[in-house]
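There are structures below to look over.
Across the two complexes that follow, chain A remains constant while its partner is chain B and subsequently chain C.
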Partner chain A sequence: MSLRINFEVINKIEALGSKGMEKCYNCGNCIGICPMELDILPRKIFRYALLGIHNKIVEEKEMIFSCLLCKRCEESCPSDVPIAENIRILRYYINREEFKI
Partner chain B sequence: MPLPIKDVLGILVDNLRIRNSVLPISKKTATRWAKKCNIPKGGDTVIYTGLMYQIVPSITALVKTLEKMEGSFLLKFISLGRFANKFINISKFFGIIDKKEVKQHNNTLCIIANLLKKADVDFGYLYEDDLYVGALAYDLGADEIFNKHIQKVFEVFKKNNVKKIITTDPHTTNMLREIFPERLENFDIEVKSYLEVLAESEIKPTKQLNDEIVIHDSCVYSRHEGIIDEPRVLLNNAGIKTLDPEDSREYTFCCGGPVESLFPGKAYDIGKKRIEQLEKAGKNFVVMCPVCYANLSRAINGNVKINDIAQVLNKIY
Partner chain C sequence: MKTKIGVYICQCGGNISDYVDVEKVREAVKNEPGVALAKHMMFTCADSSQKEMIDDIKENNLDALVVASCSPKLHLYTFRNVAERAGINQYNYIQVNLREQCSWAHTDKPKDATLKGIGLVRAGIAKVRLSEALEKITISSYNVVTIIGAGVSGMRAAIELADMGTDVYLIEKDHFVGGRPTQMEELFQSKQTGKEITERLFTEIKKREKIKLFTGAELESLTGNIGNFHAKVKIKPRYIIPGYDKKKLKEAIEKCTDEVTDEFNFGLIKRKTIYKNYDKALPDIPVIDKDSFNPDDEFLETYKDCIDLNQKEKILNLKSGAILLCTGFDLYEPNKGEYGYENFENVITLHQLKRIIELNDNEKLIYNSKEIKRIVFIYCVGSRQTKGENKYCSRFCCTAAIHSSIIIKKEYKDIRCCHIYRDMRTYGKQEILYNEARDQKDMFFKFNEEEPPIIEKEGDNIIVKIKDVLLEGQEIELIPDLVVLVTGMIPRKDTPALANIVKAPIGLDKFFNEVHPKLRPVETVIDGVFIAGSCQGPKNITESINSSLAASAKIHSIISSGEIKLEPIIATINKDTCEWCGKCIEVCDYDAITKTEYNGKSIATVNIALCKGGGMCLPVCPVDAIEITGYSNSEIESMIDAINKEIKIESTEEVTPVDESEHKMKEMPEIWNKILESLKQEQKSISQIAEDTNLSSPVITYHIMTMVKYGYINPTEMDEMDEFYFYELKK
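Then we have the complex of A and B:
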């Protein structure tokens, strides 16, 4: 499947308050330390958000809502990405755009 | 099949919008503990529970019900439940609330208040104005409803001329100290957890205990709020040896509680993993959050004991 950059989605996510996702350089420390062993979060999901791939974000909603927001990943993030807050913003995005909550 | 995120989340968030709490409980149930231990009404400094200890028994009952529904045909009816919930409070039908659990949490709150009295802290309580702070709605990303709700909470603080708040759990502490000032103009109320207040006070232990206790750090206290040493100092002062499990302090391992309403099965698995770590360190555990207490209690076996730290402090101060 080809993925197309969608600036409208990118702007919407940014307007909801996402920050610093682009600082992630895919080192994978976060995944190694995650109590929930979420292997898609946050690396892949942040790429989808940065490219504005709405369907992929919604497809991964179970993962996005499974995050404990415990911030254990942030203790080991060499790039100081505010991981939990960005995941929370993606929930906000799904609530608004998909669930209409 | 997992629980339908949209409908479960919708019920919790609708409750906050319509009934001021994700799981509504009566004012009488929420404030019974304070009447029983004679806390004066109002004052510059107030003890604020954010109803966390009081709603945990309702969460336990809800999780038990949802756990049974996960993977069953009943899932189809959750969306109907959400519709009905807009008119009647369906949380009342979410399983039976354990009276023993209610009594225990009320007792913990009373103990926290008594510890503050022993530390010569002058404080009151807002009674019916002690509102849920919206932590779960915030975590679930229901920002619009959360933002409206915290306006209501702030109005209540202003109406009561509150200057300082002493909190009883990590989630309320974090909401009031970090999130409220970000989102509310002129929110300048000083917020401290009771553990910080006690650690800074002159309170002296009345006896020394030779016990060993394993500390389960709350993620929110340790990583969000930097409250790590306070509980240890309070226990160590009375001779108690505090033991750290494999993942502790700023690297603490979550209890699983944050996802219990959407994914009860996953929450249980995380709780089980954490219990295994705690068991390797000792037999007596303390927690400092009612959510940790509830979720780890679900995963515990008979050989070990879990206590709220306030219950232990009550024995030594």
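Then we have the complex of A and C:
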């Protein structure tokens, strides 16, 4: 099943102030160091966010809300992606778009 | 016949003397006929050794020199120089290759290496005995260059050569100068457009009287050789009368109704048949496209002071000392259906996009009367085809595509660009462009060559399907308004025809070929014919100008003095024996042989400037009328005799190597036998062998690696845990 890029979703997430997600080059340092052992965060979820694939973002809401925002991953990120801030923005996005809060 | 020959044998600090017993060689050759002095030295190329040789030569009045050392590629000129400084003609010096062709090749058989070395040195001595003193051939040269192609490379080279005092004929096939960059608009990094750069170069050219520019000019034929080329150039008429009334012609252009496809704009629009490539095209004189120009008589009568359709082609004969090819490149034209090209109207190439941006005067980017909001760039179209024809990377296209996306974003804020690339090659300073594109929220997708993006039509839309590497091959769909194929450089269509005229070789990639890609990048094997810019291979403008300046300096250093010195080792023809059969002319790679008359018969004659002493003509001559200077039959025969001569060495013991431990390495050490013994029954792992032989496993590992390299044993399979290999004897 192929995923279709949705530019509206992309624009919405960008309007919320996401930044630096595109700098991720998929090294996986963040996953290795995560105290919650969240193995989809953040590299794959950021890719979905960059491509505006709403369903996939919502599918991973458990993960997104399990994050402690401890920023250990941010410290070890070689590409200086503001991971915690972007996770927060994705929570905001899910709350608004999916839970209509 | 030389009677006082000095022979010097080099030890090369052990490189030679470890395997070849240089003392035995010296003993064996010191009594050869003609040898007055034989020595061996630690390094013959060292300054002190060179000085010693010069002193020896002067003191003993030596008349010839043999140095047995390394390859002549390395030190031929060093020792020719020594000979000159000592007062011997440099062609009375022979270099014997005792290192690459003897000691290094026979490290396993030192005794035989010594025997071979003696033979080689004797052959060198035999040849030098018969050698003649030769002088370089001097021919006169015009201090003039013909540059073919007035693009950025050609123009820059012309300016440089003129400033150095060389006259330049600059020939451009098109009616306007500048070449491809004029179609490219704003360029990275200078922020100038290609047109501005062209204008700047053209203004500089106009300031210099030494440069004669011919537009609409094509090279018809080229004869002669370095220093003295005769180029026949055909000049196409513009059909505009010189000194025309500008206002009146402008009026004529407005009235002209004939329109044809505009090739300068890649067929995106039509142009009139009285035209300039673009508004400020240089030289600032319009051209009439006569084939499609159909004016009525009234039109011709009204503008008869400006337009003259009876102008004829002119032929010019230009004499020059060197030729510089700066003919540039063509852009790859995708095949019909390649990524939907020509099947879907919103699939275009990068150079078309550049023209669309330039021609668009709306606030929004409009193509096919539709607003463009999303653009997809597909990279490496027509480049890096492992299965196709163009295997090379075109170098400029990644940068050009990314740069275009940045320009588009600056101009039209709402457009989003997506890049579907194989590898992003914004090398060097262009890397900042990639970061800039990423920061402006461009999207990047990497694909593998085996799984290229697929372009399909869904209703009115085009769908691009990509297997996204960052999502582990998950298929992603994208709906763009415009698909831009980032096409690369290909050799110009007319390259083979031009290569045929100038005899310059074409490489496997069909671009012009240099002599040596690193060390002689702007010369061709044809003396006096040089290449610069992208006719040699894909280059960006910076790199093209680099090569054209290099070519200018190289050309100037050769032809500016008015005379050229050439190697005297060439073919000579015995006029009395030659009976003209024409066989030599067929095999000569350099077209150096011509037919002339002598004493009432036809004979072959060698053009001394073209002949390279290749020797192809020699064996095909049925009457043995050809000889190569320095390689005469008598010289070669004497060398063969010298090699065949019996060699007597008093002791048959092994030669004394310098380092004992190193010597042990040359034989199969005891450990090897132990390992072979241990592997006789069954395959074993390194730790098992170590146990068998009572040696530590690092030692065993080291020897195993060497034995595998020399083909004694083979690795077979890994153990169940995939941790180590088993080894067995090679069958």
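We adopt the following convention: the second predicted complex is superposed on the first by the 101 of 101 C-alpha atoms of A that agree within 3 Å, B and C clash if a C-alpha of one lies under 4 Å from a C-alpha of the other, contacts with A are read in each partner's own complex, and residues count from 1 in each chain.
As a working rule, contacts are C-beta pairs under 8 Å (C-beta built on N, C-alpha and C of every residue); 3 or more make two chains touch, one makes a residue touch a chain.
A quick note: this is a predicted structure, and the numbers were derived from the prediction, not measured.
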Just from the overlay, do chain B and chain C fit on chain A, or is there a clash?
fit
Which holds for A:A15: it touches chain B only (first), chain C only (second), both, or neither?
neither
A:P35 in the overlay: touching chain B, chain C, both, or neither? Say first, second, both or neither.
first
Chain A residues in contact: does chain B have more, or chain C?
B
Is A:L90 touching the first partner chain B, the second partner chain C, both, or neither of them?
first
For A:K44, using the defined touch cut-off, is the partner it touches chain B, chain C, both, or neither? Pick first, second, both or neither.
second
Answer with first, second, both or neither: which of chain B and chain C does A:F65 touch in the superposed model?
first
Kindly classify A:C27 by the partners it touches after superposition: chain B alone (first), chain C alone (second), both, or neither?
neither
Min C-alpha distance chain B to chain C after superposition on A, in Å, is 22
Of the residues on chain A, which ones does chain B touch that chain C also touches?
none
Residue set of chain B touching chain A in the complex reads 2, 5-6, 9-10, 13, 138-145, 219, 223-224, 250-254, 256, 258-259, 262-263, 266, 270, 273-274
Once bound in the complex, which stretches of chain A touch chain C?
1-5, 7, 14, 22-23, 26, 43-44, 47-48, 50-51
If you look only at chain C, which of its residues touch chain A in the complex?
374, 416, 438, 441, 443-444, 465, 468, 470-471, 474-479
Help me check something: in the complex, which residues belonging to chain A touch chain B?
16, 35-36, 61-62, 65-72, 74-75, 88-96, 98-99, 101
